[in-house]
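First subunit A sits with subunit B, and in the next complex the same chain sits with subunit C.
And now, the complex of A and B:
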């Protein structure tokens, strides 16, 4: 017998509702499911079978066990801000939404760690400990709404990952529900070289294909004593790129070293947080250093000097925290800002060796011309993580396809110079085929063999991360058709 | 027909010699093999079937293929300095020694990376690039002779890993011969969040059980502009421990933060590099900060102040590089120095949360009393990595066993406070059973399942890393008997 309020005759819906014991914690009507048909990657849409909202680990385990025993495909979802489609229910999955598991469970300042549930929002952690002088380092631009569980799945990066590392460098332990419903603890409290294989590293960034994370122990850091931020405008992108290399070569490790090109500047200046960047420059650098106050002035002077040696048009340090905040708001809302100059945009996520920056930007320009689409570039220049934003208009026939193809071509350029196809957004469904740019069949098989150890029936988030002929739903890039079918 | 000079009638010896095409590159006489019956963990000895010295990746692949096809157990060995027995041929393995593959293949200063063969000695890398102002960070105390291939296998740490991380944080790519002889490339040039599962992390620290590394791309760092080093003497170990916590809490990240206790001081002062530590103190701290010169004085002053607030007896900064060098020589030769005060010693390698230091040291003292054996403590205090050195005399009946039992008890103490059983030396054969202190059966099975993906017949370095009833040679701790059998 179903819990009160369930209007479905589907035995699985009834049984899933029974597991969580609450009719308000399950969605199964088509009109409710539409909100879950995609994530931040909006170019493919698929309806889930249901969305369930467990409140604790045991409920997650019970749901997983049920799905596993009944051969129902399932996947976990956080805030749904992922940019590569990792939470899209390709196979009509039961979505296990973790947004009700959003508690900060403990903070241990002495040993610099905190324990959170997976649905806890990234920025809330820093906000919760800021008054004591601590923060959580990984800062994806979506940090005001994305969840730490999702960050673990995607091994999320952010502007300050140049100095502080990506999510995997800040995860000390995980509680995981395995695809058979078993609950395991992984990681030994942040000990860097713990015994046994590095399962913590293996799970982090596995894009929800190996297990569902239900508790996360993270490293927290002491706030740096001081921060200083510099903005530099370059007439030529080569000079900007070279300044990036020069700063790193000087032995300075900036907390962040961001670049935007001319098209990107047009976008951010037309959007909600303009700061008055000149429109005729080719590159703006946003450079932040942090640490003990005594050393910062010297670093800033060094950075100013490097920029001057590279023909900077204008360079200056933020005069106060308010100005620094405006510069960061301008940068961190950069993706969305493209909406101000284009009806649609597709963000890509390639990585290249820093020294290849001018060559790669030049090739991306050629792609832009070839496909007849403008491409803005916003990137974490310090670690060579590019975000080409392909601007397009989905209403024009064939333009979505052309945008996807142009994005793929940008990734090929990155792979060709010894880089790779994702720096922080993950592979998901978006870049499955592009995995072949960087992995041989054997290397992909070695990875799917590992998946099989954890996820033997591939019921958990199937069709993601790997090109898998015959095993996953064929994704056709005929988007219009699919969207029409759903709406 | 065998290559010229082979005196064996064993078809496998003849065939192995043929693969490397050189009679001087294979050892198979018992008198030659004895040198390979153990590594830095000398309490168990087993003779290999043969030792072969390939000169390149293809030869390694051919040897592995031969062993695999002929069901011959095999393992890789670097300099043999490992402290947990990872290179001991428990099953009469064919040892594939990588010491002839010792070239520095390339250095790319602009992108901060170098490529080495596995037999390249750790310190030689720093020596090769020092004149250009760069260095390789992981610095195990054996760095003057240990190889980078071995460092990868064990995920080696070192005194400066507090700030700079252990080996896994510095490995950007690997060429690996898989247990079936296939050659694969792993890692995408140091991109922190590369697509796919983190195979690079999985291989690093897998103690030679998943594949044989034949080429390594490592990160190299710019030398810090300046270094300063402080020595502090404490009458009470609690004060020294508290000073460690206070320094970290102050937001300072020292490059190194080392501690030695009273027994350790007795040893290092009696050995080759005494520096005049007072004999009646309970703890000496060696604290090093590095970075931009402008910030260092302030950090040093802060450290001096912290120490004074914790009742330090004496604290001072090194007056010059020569003094700094003497302090480090005193510390880095600490293990061997125990030979000056004890006929034998067993080094252990536990890790604990920093805040548990006084409690754990107290419990180790109790173990010392209980087992009637002195225990010296040398440790990386900043990251809670303890090295209890159990002093014993192998000539006295039963004392070796008692030392092993006392070492194991120390690890139990570490595990009990939420720590673990190895911080940098690996599990090998030494701590196989102690894996149960920190892993459940399910967690161990998950790991052996992963091993099976790579190493399905368990021919590569079997019997290491995991407690595996029925699958590996039973290790009896009756050492005398085994040693007698070999000699």
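And now, the complex of A and C:
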């Protein structure tokens, strides 16, 4: 039964519409597709062939099966907040948008688990169980709009993963549509250590290249009894960095330990959530401890002492929840805040061993001078996850390229001190080449070998994650030829 | 003759004293080798694997041999690759709280070393003084404190793996947060050495707790509804127990002297916090239950005893009785049903059963002891019951002869083709730990 209202002669569009059974659940006009030509990484754009909005797992499976049988490249997309280009349809993919699969399917407080559809928004999960005193731990800054399906694809982190871990530490089970359309269930009932290789761990963070997640069982946690948050201003970045090391060395496991440098402070203070940070300091630390209330004072006192020993200009604890909320809003909107002081910005996501912080910040400063671009630093200092924000103006010829090169240079610095090129944003398109900073060809091949097991024809989200330009071009050409032959 | 060729072949690239003929006496737990090799470097591990891969030889891998009774359907491979001589700390950066070690390093020695820095690996495996870090990772061992600290998949941040063809692959790295490429670490954790030989492990560390205590809450009436209600109340509170492990009366008797269902509730934090939580538990203590608090080294001593309850292969032999250890995974609170079921099983099959399970994480261990045929029929029965609960049973320890009579890993999962696909891709000649894992992988 053909769906009415499809104004396209393309047989694939017609067939996809028929699978989904609703003309309003497919986009195929160029003007509708433009919104999908990139995600949170905007320096690379490409139009998809179509965007389809399935409502359930079976529809996803049917769509995937059709794409697979007809050699149509395809990919999954959530809210499109990804920062590395993982949802960009490089090869003119059919985008399978999961935003209509957004139900909270079940909550089981006694066994501390919840089951959600992939389009369910991260923060909504916490909001749905907050009245019972529970929450979902991974808290990427975009949590008010990003989807848990996307979090699984990217193995998203957040400010509080220092203590509580990233997405992979909270995923107990997945229902996945494989690239051939088969539906499989991994981690049945959310029971840990299911016999077999840990596919939950492999799929989480595979950036949508191994399968499409259609149902997710997550671990939920009880709220900590109390939280205390401290703000510390430093005149020297070195002192701030040393304070970070000292806190960790003291055996304290903060729930979050965030740092912003001078340029970042200029940005957040000029944007929507200023809190009155002094403009002349070099670094601000935002430190949060949580847990049993009776144990927090001791930790807070220790932290205050550490900061004083490191020449802090001013350090104080949040006086109430409202103040704590303002501090966090200021920090969590930090990336976007750069828009207030620069027409464009590029976010990077390197990770370094904590102890290398002063050295790396120094080198990032040098990169800033060398490329003639300001770089703001906002980072999860506790786990060494840096977010250098390269500020630039895309209207000026060549500046976008220079920003990209500066970002890449920052990642090289991270890799050189034994770190890595991405801690939570993923490789996507953006850091494909930088994978070579940390992995040998053999190691990259070992990973693509695994991809071949799941995604043998590389129709699902091709061209992401791995630096194989030659091969990608070949596949593209191959696909184009096939498409030409079909139509 | 074949063994002689093998010896000659291996001795062509390994020093003679690192190659030992070992096929004369078969071990009752199987997983032996015609020849045992003791590589001392990663290059030597790689050359053994390459030799086997090129010459169609099979390899079993072991650390200290504590998991000899875990899986495996052939008595002996051509080569037993022991990592006992590949040990030592490669790098410990106290400020970064990361540690890189060679796979054959003894777990307890690592913890002793780290204690000087007030740090620890946040895993609590059985027989820590005999287990190697590599073996713990390869078999994904965890203990009751998993509730508070997670498991190997949460602690491991990097691995070096020698592939069957001899190439060395790094997975992850040395930083605590890393999403560059696939999370390959996960593939090898718990893979029973069927994909590669883990040569080096990088782990993120935790600070040693400033204070610890253990509450032993025993239930003389053995009322499961009461235990359940208490557990739910505690889990629904904001207390942060690192363990909430229910022990069967038999196990409790061995460890505490009381033949009763007993909860082992651990608290590890600054002292104020621990006392506050103890007080909380006292306040919700159910009627007719008995509460005892062990502090600091007393708590540690309890745990030391706890971790030694598993039957250790070195002690095997002599006894006519058969030991079996089951790992059972269920939905958290179904742990109560597992313990109930194992108690019934002991009575109906004339077995000594010691069982425990974590009400906050759903993993149980059940130790069975008795006549071989009774053990086997008990395993079948418990698996039927657990399957109905939606859980699984893995036989962690059983003599070789009986492993053919029960499926160690249970039925193949529906997604077995993916597991098989990974194995075929990584170890196409199937030289590594053949038939030791799920579905004959």
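Quick notes on this structure:
In this text, the second predicted complex is superposed on the first by the 463 of 487 C-alpha atoms of A that agree within 3 Å, B and C clash if a C-alpha of one lies under 4 Å from a C-alpha of the other, contacts with A are read in each partner's own complex, and residues count from 1 in each chain.
Basically, a residue touches a chain if its C-beta (ideal position, glycine included) is under 8 Å from a C-beta of that chain, and two chains touch if they have at least 3 such contacts.
This structure is a prediction, so every number in the text was calculated from the model and none was measured.
Once both complexes are superposed on subunit A, the partners subunit B and subunit C clash. In the superposed model, A:40 makes contact with neither subunit B nor subunit C. In the superposed model, A:184 makes contact with both subunit B and subunit C.
When the two structures are aligned on the shared chain, A:158 is found in touch with neither subunit B nor subunit C.
In the superposed model, A:294 lies in contact with both subunit B and subunit C.
Of the two partner chains, subunit B and subunit C are each touched by A:446. By the document's definition of touching, both partners, subunit B and subunit C, reach A:424.
Once the two complexes are overlaid on the shared chain, A:198 sits against subunit B and subunit C alike.
Within the superposed three-chain model, A:380 lies in touch with subunit C and out of touch with subunit B [touch as defined at top].
By the document's definition of touching, neither partner reaches A:334: not subunit B, not subunit C. Shared contact residues on subunit A (touching subunit B in one structure, subunit C in the other): 109-112, 133, 155, 157, 161, 165-166, 168-169, 184-186, 188-189, 191-199, 201-202, 204-206, 222-225, 245, 248-249, 251-252, 291-292, 294-295, 297-299, 351, 353-355, 383-384, 418-424, 426-427, 431, 435, 438-440, 442-444, 446-447, 449-454, 465-466. Every residue of subunit A that touches subunit C in the complex is listed here, in rising order: 109-112, 133, 154-155, 157, 161, 165-166, 168-169, 178, 184-186, 188-202, 204-206, 210, 222-225, 245, 248-249, 251-253, 291-295, 297-299, 351-355, 380, 383-385, 418-427, 431, 435, 438-440, 442-444, 446-447, 449-454, 465-466. Those residues of subunit C that touch subunit A in the complex are listed here as 93-98, 118, 140, 142, 150-151, 153-154, 163, 167, 169-171, 173-187, 189-191, 195, 206-208, 210, 232, 235-240, 269-270, 272-277, 327, 329-333, 360-363, 390-392, 394, 409-410, 413-416, 418-419, 421-422, 425-426, 437-438. Of all residues in subunit B, those touching subunit A in their complex are 110-112, 133, 155-157, 161, 165-169, 182, 184-186, 188-189, 191-199, 201-202, 204-206, 210, 222-225, 245, 248-249, 251-252, 291-292, 294-295, 297-299, 351, 353-355, 383-384, 418-424, 426-427, 431, 435, 438-440, 442-444, 446-447, 449-454, 465-466.
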